Structure formats: C-alpha cells, structure tokens
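Look for chain A in each of the two complexes below; its partner is chain B in the first and chain C in the second.
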Partner chain A sequence: MNLSEDTILLLLELTDVIISGLTNGSVYALMAVGLTLVYGVTKAFNFAYGSFFNLGGYCAWLMILATGFVGGYFSIFIAVIPLMFAVGYGLEKAMVAPLRKRADWENKVMMLTLGLSLFMDNLYVAVFGGRVKSLPTILDGALTIGEVILNYQDIMIFFMSISGILFFGWILNNTRTGMAVQAVAQNPEGAKIVGIPEKHIFASTFAISTVMVGFSGILLSQKYFISPMSGGGIMIKSWVITAFGGMGSIRGGLYAAFIIGMLEAFVGWQFGMSYTMIALFVLLLTTLVVRPQGLMGKG
Partner chain B sequence: MSSKRMATIMGVTYGIAAIMPFFVGDIRFIMHILIMCLIWAVVASCWDLIMGFAGIFSFGQVAFFVIGAYTSAILSVQWNVPSVVAILLAGVFTAGMGVIVGLPCLKLAGPYVALVTFGVHMTLMPVLRGEIGIALGSGGSQGILTIPPVNILGYTFSSANQIPTFYFTLFLSVVCTVIILAVIKSYWGTAFLALKDSEEFAMSLGVSAFKYKLMVFALTSFLTGVMGAFYGHYIGMLSTRMLELDLFCTLMVMLVVGGIGRFPGAILGAFITVTANELLAPLGAYRAVTLGALVVLLVLLLPNGVMGLWLKRSDAEA
Partner chain C sequence: MLNVTDLNAYYGEAQVLKDVSISVNQGQAVVMLGPNGHGKSTLLKSICGLVEKVQGGIEYKGQDINRLATEKIVNMGVTYIAENRELFPHMTVLENLKLGAYSKNARPHEKDNLEKVLALFPRLKDRQKQVASTMSGGEAKMLAVARGLMSNADFLCIDEPSLGLQPSLRFEIFSTLKEIIDQGKTVLIVEQNIPQIIELADRIYVMEEGSISFEGSKDEAFSDDHLKEIFLGM
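Presenting the complex of A and B:
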C-alpha cells in the first residue's frame, strides 16, 4: 500500500485525536458514573461537582508541595481518597441532609450547591492564585509503535480510570454498603422498611461520588493543569454525559463518556476548543428532544 | 398573600427609593447603586415568577439578561437603531430566545430544565467571544465599549444626568414589577398554583401546563431582555464577564434573601443584596467567596427569606 505523505500525516493526526478522545473519555466515564450514582440514589443535583474535581487536583498539588512527592502518585491517592470521602460525607451531613425535610428541597439543593461552587472556585483563586497549576506526570516516557507515539501517561490514565470504574462496580455489587446503595436507589421506602440506614447511605453515596470526581481531577489535572474556575465546565460536561447516557444507567454513562470524549476531541481538532462547549450543548438539546431518557435510560 | 399587601410592600419599597435622591442625589456612587437596585429588582422578580410561582427551575435568567443587553447594544452600535426601538427589539428577540429554549425543555423534569438553561448560560460565553459573536458585532472578549445612552425625543438619559435617569429607571422598574404582580394575581397565577399543588389534577381540569409555562417564559424573557438592554445603554459598555458565576449567584442571593415564591420579597432582596454586595467590595478577592458562603448559609437558615420573617408561620408554610 502506497500512501502519500499527506495521508500519513493525516492518519497520524487522527490517531492522536482518537487517543486523546479515549483517555479523556475514560476519565469522563469515571466522573459521569459518580454523578449518575449520586443523582440516582440521593436525587441531589450537585452543582458543585466540578469544584470537587478541582479540589482533588489542589489536594494533590498541596501534598506534593508538603511532602516533596514522596512515594509518587501512589501515596497521593492513598491520602487524597479518604480525604475526599470525608469532605463529601461531611458536606452531605451538614448541608444536604438538613434540606431534605423541606418541600422543595431538590431546588434548594441546586441553589445551595451552586453557592458552594462559587465559594470553592473563588477560594481557590484567593488561596492558590488565578494562575493554573501543573502536576508532575504520572508516568514519563512513551511507547513507539512505528510512527505512532503512545504516551505512558495516556495509557496510565486510561488504565486507572477503567480500574476505578471496575473497582467501584465491585463495591456496588459485593459489599454491604454497595448493596444498600442499590437498594435505596431501587426503592427508598422498601430499603427503609428492611432497616437500611437511609441517611448514612445518602451521605456515603455523596462521598463516593466526591471521591470519584476528585480522583478524576487528579488524573486529568496531571495531563493538563489545574485551573480554579474550570469547575462549571466540568460540571456541565458530566451532566451532559449523564443525560446523554441515561440518568441512573451506569453502562449508558460509560458509552456516553467515550462518545463525548471522542466528539470533544474531534470538534476541538476540526474547529478549535472554543466550539466544544457549543457542540456539547447541541448534543444535549438533541438528546433531550429526540430521546429524553438518554441512550440506555429506562422510559 | 393578598394583592393589597403585595402592592403595599411594593409601594413602600419604591416610595422610599423615590425619595432617596432628595437626600443623596448629589452622591453619584449611591445614585448608581440605587439605579442598579431598581434594574436587578426586575430581573429578580422575573426569576421569582418563573421559579417560585411557575415552578420552572430555570437557570437562564442571567443569560437572557445578557442576550437582551447584547442585542440592543449591537443594534444601536452596528445598525444605528434608535435606542428605544433597540431596547424593545431586544426584548422581543430575548422573548423569542426564551420560547426557543423553553420549547424543548419545559416538558422535561426539574433538573433537566436547570441543566439546559444553565447550558445556555455556559454556551453564551464562547459564542459571544468566538467568531460567531465577533461576526455579529459582540466585540469578542473585549466586549462593546461605546453603547449610546437612551435617548427619548432628544433627551438623553445617561450617567451624566443621573437623577432623571434614576426616575426613568424607577418608572421602568415599577411598570415591569406591576406587570409581574398582575400576572401572579391573574388567571395565570391561579393556574400555576393549581399546577404546583397537583399537576395531574390541574391538568385533568383542563389547565395546560405547557402553554402557561411557555407564556410565562416568554414574558419574563421579554422583561429581562428589556432590563438587560436598558442596563447596557445605561452602563455604556458590555463584556462577557457578566456571564461569570459571580453575577449569577448575586442574583440567586437576591432571590434567597427575598424568599422564593414570596413575590415582593424578590424586590426587597434585590435592594438588600445590591447594597450588601457594594459593602462587601473592600473584601477584594474574598468578596465572591463570602457571597458563595452567604448563599449556602441563607438557603440553610432562611427558608422563606426576609418575607418569611414577616409572615405568620401558617402563611409561610402555605
């Protein structure tokens, strides 16, 4: 097969775009699964989701500053994951749980979390400055296959997000807490009757989703950078994926995340990054008009 | 609340505002804050009508405000349309946008409406800053810097003659909020109340949820667009910075302070919040942080806003 120089270049570029779509998509999947879970189980619409993404990044950054990167990313994950869990659990108990008794609590939660995201984003700016921060790469070097260069970093991101999702699936299906979460999602009343501590489950679910998004934050931030005000975009992205994949459907969220990762990569490549938001919005509107329940959602 | 009581509270609030120029008329800074209060009172009331009465969880109010402001500014800068005509056209255009956004999303459940409308908000910034916006005359990330002031029959209402401008704003604000009051107390308002109590029952009686929601969406978009357009002409410049979360949350604070669905509350909320926001200005970088914390605290601690403090317990729970 004889390909001209241009075709080869185009193919190489295409491979890059696809790789970027796959790695971003895998992280988006992690974010979207967390969001699907928290909305599916607790019905709390979390507008501060994107700010927790950056919280993960900043925690990692602070850890590196304080400890001088001892033990690499392994120690960071060990430290940040329980921290994110505690933050999520505490916030749910302090802020979302008291609202549950009120009649229009879902709306109140949206307003509260939007305020929280303003608080967090601007606190980042005030504490860490408006400039972006970068984290060291998780794994240096690259794998070269012929003309194609595969960064170990990308492979690692892909591998870690997928294992994150698998681990999460394992928790959901094999631990008592996980099964209780599923029970509450399926039938809150029934779960209460058989003695599942609903309040504890709500807080745990919220905390798990915080961990997932914080973990995604570390993974993506070490590829790009941490920028304090990016939370809103991340939140919208996660929501578009969740809505596109079908609210409450974890498998739908997975497919949607990869489709959107690819879409974003291709739109960014063809038209420039400023158009990705518009593309996402068009996709969201189309989904809601054509198939409101999303790809894999029920009814 | 009876319409008499609502009208009284509105009358007192606007009355106090109306006599303010006699005391502080020569302090430009305070007059500016008062004009801002009047503008935001309308926008907050519109949002209250949508969210508190019609029960649509729309997050697009700031987006509509900005759409109105930009439409009017572009019309008068690029096409030399007289400012009054431009403001009205901007209102009509914004109402059209409201209908376009409302058509797909008003049939959806709560969080999806919030998502789509917030999506409009988030998409507006790249559109206005990008090539599409520049082609339309939005000035990209720099914004529009030379918007002519409102001119009625040769008389200009600009920041140069603040007191007439103040009374003009007061007039606009009163007209808009009276329209909102009329809607709340009209057949529409009753229909919303019925839909909120039991959507299925109301619909079985022949109340069309979709029709009323779309109409209220169009109306509030129109009023918000007009106020946005007026804001642009008054300030004289516009930029996409308005679309940052800051302003959005300020507006939300107004609503939470005033009490959602406690109508004249939104007007009081606007007056309190705009003033408080100016008082917070010395905090610098921490102003927005404080604002965010305020939203959280107010939602938790003040369920019905300042109106809730006045109303009887039985009233507040209704």
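Presenting the complex of A and C:
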C-alpha cells in the first residue's frame, strides 16, 4: 500500500492524539472512580477534590526536595499514599462527619469543601509560590515501533492508573472493609443492622478517594506540572466525568473518563487546547438535557 | 437478660413510645402483639440502637446499652431482623450472609454459623450465588433471618417475620422460629399473623398507642377477653 506523505503524517498525528486520550483518560478514570465512590457511599459532594490532586503533586515535590529522590517514584508512592489516606480520613472525621447530623447537611458539606479548596489552593500559593513546579519524569525514553513513538512515560501513566483502578476494585470486592463499603452504598440501614460502623466506613471511603486523586495528581503532574490554582479545573473535570457517567456508577465513570480523555485530545488537536473546557461543558449540558441520569446512572 | 425501663422514643417531634418497660430473661421467647403503627417496631429498633432519640433505660446483661452505637450492640450479641428485610440488593445470598458476620464477635464463628444457617434454610443453600434483589419475598425474608443468625447473636429482635408472606411460607417461618428458640436463643418477636406463635411464647406483651397494655403468660393472655377478641380472633 502506498500512502502519500501527508496521509502518513496525519495517521501519526492521529496515533499521538489517541495515545494522549488514552493516557489522560486512564488517569481521569482513576480520579472519577474515587469521586463517584465517595458520592455513592457517603452521598456527600466533595468540592475540594481537585485540591487533593495537587496535594499529591506537592507532597511528591516536597519529598524529592527533602530526600533527593532516593528510591525514585517507588519511595514517593510508599510515603505519599499512606499520608494521603491519613489526610482524607482526618479531614472527613474533623470536618464532614460533624455536619452529617444537621439538617440540610449535603449543602453544608458542599460549602465546606468548596471553602476548603479555596483555602488549600491559596495555601499552595503562599507556601510554594505562584509559579508551577515540575516533577522528574517517571520513566525516560521511548518505545519506537516503526514510525510510531511511544513514550515510556505515557505507558507508565496508563499502566499505573489501570493498576490503581484494578487494585481498588479488588479491595472493594475482596476485603471485609471493601464489602462493608459496598454494603453502606447499597443499604445504609442494612449495613447498620449487621454492625458495620458507618462513620468509620464514611471516613475510610473519603480517605480512599483522597488516595486515588492524590495518586492521579502525582501521575499527571510528572507529565505536565504542578500548578497551585489548577485544582478547580481538575475538580470540574472530575465532576463532569462523574455526572456524564452517572452519579455513583463506577462503571459509568470509567467509560465516561475514557470518552472525555479522547474528546479532550481530539478537540485540543483540531481546535486548540483552549476549546477543551468548552467541549466538556457542551458534552455535559447535552447529557443533562438528553439523559439526565448520565450514561449508566439509575433513573 | 434484657431490661427496658420507662422508655420514651421519638421520631422528630412525635413521641412513639411512652414509658415502656419490658423484660426478657435468658432463653425466653417473648412475643409482642399489637396493632400496626403502635410502636412495636420502634421498640425493637430502639433496643438495637437504630432510633435517634431514645430516653430511658435499656439494660442488656447488666450493661446500659441505650447510648451505644449499633455496631457495639451487635457486637454484644443483640441483632435486629427487620420487617422490610434491609438486605444488600446487588449482592449474592452468600455475600449477604458473610456481611451478617461482620461484627468482631461473629467473625471467629463465621464458618460454623454459615453451616448451621444453611442447614436451617436449605432453600438458601441452593441459591448461594443468587443476587438478593432477584429473590422472592419469602426467600428474602429467610435470608434476612439467616443473616441475623450469622451475627452469632444470643438475643434476636425479630420484626414481623411473616409480613407479606403467603400462608404456606408463614408455616415454614414458624417452624424455623421454633427451631431457633429450641436451640436456646433468646428472642423478642413482633408477630401477629401466625396465631401458633403464642404457643411458643414464654411471655406476651401487647402494645397499644406506644404503651404496654398487657403483659403476662400465654394462659393469662388466653383468659383475657379483650385480647382474645382483638388479637387472637377468638
């Protein structure tokens, strides 16, 4: 088959776009699964979700500063993941749990987490400055297949996000705590009856989602950079994916994440990156009009 | 074993229980009768820590359990079997049963109890892989009772086990309850669609409008004209 040079260039560009959509989509999937899990189990909206994304990035950055990147990303994950879990658990216990008893607590949690995100973002600016920080590449080099170049970095992002999702899925289906989380999501009263400590499960779920988004933050920040005020955009993206996939539906969130990853890559390629947010909102609004429950939402 | 004294319970502003006092001794089967909506379920839920606003004394094995969280009460060996079952709809029968053994006190006995429960409910044995939401009302009810037994409880609060069941299944539930009682469990049952249940009762209470209007043995119940007329249909 003889292809003209233009066609080959187009195909190569297209491959790049698809790779970018897949890698970003896989990280979005990890983020969205975390957010949809919290919503499905605790019925609480977490508007500080994007700020936890950057918390992951900054923790990694601080660790590199302090230890000089000993052990590479392996030691960063070992240290930052438990830390994110502790932060998530503590924040839920200290800030969200006390609100749960009050009337109209869902709105109060929304306001509170929105405030928390403003606080965190501005704290980042105060502590780390307004300029972006970058992290070392997780794996240098590239795999060349004919004309196609696959960065090891992208492969790692894809591989680690998917592993993360599978790992959390495994926890959910194969551990006592995971089953308890599902039980609370399916029937909170029934969960109470069998003696599942609801408060502990709420805090644990919040903590697990904090780990998922913090881990996503490290993965994407080492490809792009850490920017103190970017949490809002991340939060919006996570919410669009969650609403598009169907609130509380993990499977829906997964599909939505890849669709949106691809959409972003294609829109960015065809129209420029500044149009991606617009495309997201067009998609969201269309979804809300045509299928308000989202891709896989119930009713 | 269980002593409830001067219990008042509220849903929001509405008072559901008014100065209720009951006691259940170890190994007893106590049956609570009374019209629907008069607070029988609320009493059972209050004992198990499932009602927000409860005042008064609830003592189990000499310990005040009124302020305790449900998981602590379950861990002490008290379980509530709900009239509307409260199963985990998207989980299998086996997963529901295993979650029944969630509390610390139940975990070491999970295997034994699973065997016992499946022997008690042969229907569930054949359906371990079935998803709970696809079960018929009767099977779901059995699963709810079975899940309660998985908690290794000594004290079972069983709320209307026969509600919504056809007569043949009612009889099946009745014989299961009899077996549970014969095994030495202490039970507090709210039930009025199975007249034979009286036969099993060591003690009978009647609740009307949130208060106890009768308490006594089954002989006393049978000789009370008001009771016979209203609840026993005789």
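A few notes on this one:
Convention: the second predicted complex is superposed on the first by the 299 of 299 C-alpha atoms of A that agree within 3 Å, B and C clash if a C-alpha of one lies under 4 Å from a C-alpha of the other, contacts with A are read in each partner's own complex, and residues count from 1 in each chain.
As a working rule, a contact is a pair of C-beta atoms (placed from the backbone, for glycine too) under 8 Å apart; a residue touches a chain by one contact, two chains touch by 3 or more.
The shown structure was predicted, so the numbers you read here are calculated from the model rather than taken from an experiment.
In the overlay built on the shared chain, the residue A:277 is in contact with chain B alone; chain C does not reach it.
In the superposed pair of complexes, A:182 makes contact with chain C only, with no contact to chain B. After superposition on the shared chain, chain A has more residues touched by B, the comparison being chain B against chain C. Using the contact criterion defined above for the overlaid structures, shared-chain residue A:102 touches chain B, although it does not reach chain C. Once the two complexes are overlaid on the shared chain, A:62 sits clear of chain B and of chain C alike. Touch criterion met: A:197 reaches chain C, while chain B stays clear of it. Taken together, the chain C residues at the contact with chain A in this complex read 48, 50, 69-71, 73-75, 79-80, 82, 86-91, 95, 98-100, 102-103, 106, 147, 151.
Those residues of chain B lying in contact with chain A across their complex are 51, 57, 104-105, 107-108, 110-112, 114-116, 118-120, 122-123, 125-127, 129-130, 244-246, 248-249, 252-253, 256, 260, 285-286, 288-289, 291-296, 299-300, 303. On the chain A side of its complex with chain B, the touching residues are 39, 45, 95, 98-99, 102, 104, 106-108, 110-112, 114-123, 125-126, 229, 232-233, 236, 239-240, 243, 274-275, 277-278, 280-281, 284-285, 288-289, 292.
Those residues of chain A whose C-beta lies close enough to touch chain C in the complex are 176, 179-180, 182-183, 186-187, 189-197.
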